[in-house]
């Protein structure tokens, strides 16, 4: 559970709702046709922009942001050190027995254990990382585009409302409420973009960065195993990926017996 | 047939039309001179911006989005494995008999069968991929530019309408409808950009990404054939291009007898 | 003569003029001080932004867009094949007699005939291509910047008009026409940007891409000559630069006797 | 203490406050619900966009901008020269006794003293630099995003105010003050973005550039030590990072006895 | 003296002033508090964004744009040819006696004369070029940011004016002039950005490009001297940096005796 996301959404919703209620009734901010123009238009434009599968994957990824737990990079450093020690003591073949839920680590271990040549392993793992980056970039793009479509359809709705209102300009008393209704779609569009679509796109980007960092640790660790590097040196290299303030210092003995 | 695109366009059009009808008559939203300024101006600016051939190609590409069927990358992995096995059993020359509607795969097979050196094959195929990327980028650019020209000419039309309206400010009763007409061009411009031009540019981008991914699988497969790699290793490398959730697992036997 | 550009400009101008005349007299859209603010301000800002020589070169390049004829890349492929055959039959020195109006091709031939080493030739030709790209990018930038300055000075003019108008708010009858005049500069600025500056910047970009593609064909051809490649292979490589739909297929015999 | 930052904030606040007081009472610019929408909304959206830890780190980094002192690159050049001389006189092992508060320099010295191979040291130090760049880029991004969220929530607040105001259009006397209140949130949003969030993002970027420059000096110095370069040559290389006007010229003797 | 810059500024100022005077008195466009908000706010935000030293350097660079004279790249080609001939006749050591006001050329000559190895010279000169590029990019950034802060503070000033004006909505006669005053800050902000800050940023960019081109000629010339290249070949390579229309053709004899 990502507390920041949930707290942010609850706080943002409360603040806006509070401001609305404080200034009058909630009801004047509810306009079903306007919601349909903004919500429906945004979904329609998104479905034209992205293949169905990619749009669906983006929403699934956004859902995982709330649910998913991420792996501490320090743990991965420790795992890679263990594999380094293992391969130095029992040979590369020993890596074939590794059990891990991490698909990328599993693939790296298998490739090493199979005795593939380094160039090939490097290529294969790089392709995995780049493909993941590309797929995640599409996911962020889905929400970023929704964050531009929502205000655009909000403005479209307001234009429709204004054109209709200006026809009835003879009745000045009705102008105010009619214009208020016209403005509502702009409000819906900005609201959705600023509190949901754009922030979620940002969080997906941050999650991708964390995940890619983990993959890079595994990648560099795998290369070090192939080069038969000293565990101390491997530790120095892999821990460089982590911010000094979060890096877990390991003792010499800890590294050697990881 | 791309269902997402068609559903998106139908849904978007229905929503906007519904909102228009719900609030009054449809007729007040139809203004032929305004449509000519926005539609004609956008086409005029696009013809100045892009060579005729490139603009035509972009529209043809957009049409293919509705019609074209795309190749499953899993199939391509399987095809490349078959070629790998074939070349290992019967030599590189066997690739000269390959029949495929895929022009890029055909070219790659011929180059390999002709015994060209690896550097040359790599260069030639890279040029093909980069040229295709460049041409497709131009196609996306055509629609992206149309997505900026349409609102710009919409605003120009509104300015023309406002200037004309302000001359007759003495008659307040006529102001409302005149202003409504002036706003219509802005409405047309935003509508075209948000529901057609920008989303189509996005879909073209997504299609290019899928097509380039397929070319990359063929490219890496061809290089592996030249390097005489083991089919198991080739499978590991090529399947890395595909999202794990879509990757079709193949058995050892399947790979060897592909 | 670039028909698309000319048609686009004529069509755009006619549409806007038509819309203006349809709605009243042309005269109310003509305001000399406003034109001076937008036109003069844009030129002034452009002269501050770019060195005189570069601004002049950009306008010359824009003029060439109307006049210049471009070389078909298929012709260049054929020329490079002829040079390949020539150098294989008569030695690299034979290239010193080549007559061509293409300066880049001339330079490449001379460097090869002079027996310079490959690294040096590669470097020299790369510098030529990159320098041309850089110079052309500046030319596009001149028009792109004019496309942002024009609306900016349009808005400045409107602000000046509004401030002056608001002083005389006591006379409501004069407000409308005064505001109409104020809006004219915004109209001029958007008009110039949307129908001239931004589209011309786009066309210059497209022309640069076509020219660079031609240079790349010559470059890769020259490298192939130095590497003494087979003409068939050279054909495969060079034709990869051209879209399959535009590629001119050549017979084996045609390639060998090019 | 960064005087520019403090002076800028004090001057900006004074100017705006002065303009407010000069034109009437301060009180009309204070609106608690409006402040909550803008301030709270911005914080909410930021918490959704960034993981909690990264948002916190960004604020800590901004705080350090006021407090932190930065290291003069000339000093680092001198330190690296001293290490060069030391390693040439007493061997690489002598670097293991270096005491320095600079963690990166410490790590570089240890790696050299441990006799790791050059490729490994290069990799490890590069990862450190790239990781730091990435982390700092996130910090800048936090403030840049806040600089876009603040005006967005400002506009949202104004829309809410306008909709509520337009309901009561029957009472024209109340319209003015109600609209003034509605505009306040836009004012708050722009104010926060222009005087705080965007400038602080800029300063963080400048600080990162200075810090990275220092790391690059250490990096290139370390490589030179490994390559056993002449101190004179090392001085020429490392001083190239510093602007000629700020470069401290060192005498030959100074370099040799650094 | 850069005539384009001076002419542009004079012309732009005259046009705007002319338009102002033509439409009434100059006095209504002068508002000291408004000027302070825009000018002072822009300076304040700039001081927060950039370290003092970098902001000062940007202004010094802008001043040099008016004053500085730039070196013709053709002259540099000739100088590099002279050094090439010199080094081929008298050995690399002869370069140690070169006298030149160009610091980069001086450094390159010294490094070559000192007999440093090529890799080291390449690295050192590259660092010089990249550091200069980075410093100049910061200078451009200072003016580009001022070009975004000025309109932002202009809008802030207008918002302040509007809020104050709307309090006194009871007196309609005073509304017009009050609103005119409010609009003035927006006018100031756009004016400063469009005629000064953004164009100066552009000119700094153009100057940097010219300067970097000169450094690249020296760099490539220095590498050619190290590689002991033929002066004819060096001429072909170095002249490739210059646009064909500006390139000074040199005779064979001229090159050999440069």
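Every chain is named by a letter (A, B, C, D and E) in the order it is written, and numbering of its residues begins at 1.
Heads up, the rule we're going with is that a residue touches a chain if its C-beta (ideal position, glycine included) is under 8 Å from a C-beta of that chain, and two chains touch if they have at least 3 such contacts.
Please read these numbers as outputs of a predicted model, since none were measured by experiment.
Colleague: From chain B, what is the lowest number of touch steps before chain D is reached?
Modeller: The fewest touching-chain steps linking chain B to chain D number 2.
Colleague: So, what's the distance in Å between the C-alpha centres of chain C and chain A?
Modeller: 39
Colleague: Report, in whole Å, the distance between the mean C-alpha point of chain A and the mean C-alpha point of chain B.
Modeller: 24
Colleague: Reading round the ring, first chain B, next chain C, what is the order of all the chains?
Modeller: B, C, E, D, A
Colleague: Using the touch definition from the top, list the residues of chain D that touch chain E in their complex.
Modeller: Going by the criterion above, the answer is residues 2-5, 7-9, 11-12, 15-16, 18-20, 22-24, 28-29, 173, 175-177, 179-180, 183-184, 186-187, 190-191, 193-196, 198-200, 202-203, 206, 209-210, 220, 229-230, 232-233, 236-237, 240-244.
Colleague: What part of chain D is in contact with chain A in the complex they form?
Modeller: Per the stated touch rule, the residues are 33-34, 36-37, 40-41, 43-52, 54-55, 57, 103, 107, 110-111, 114, 116, 120, 123-125, 127-128, 131, 134-135, 138, 145, 149, 152-153, 155-157, 159-164, 166-170.
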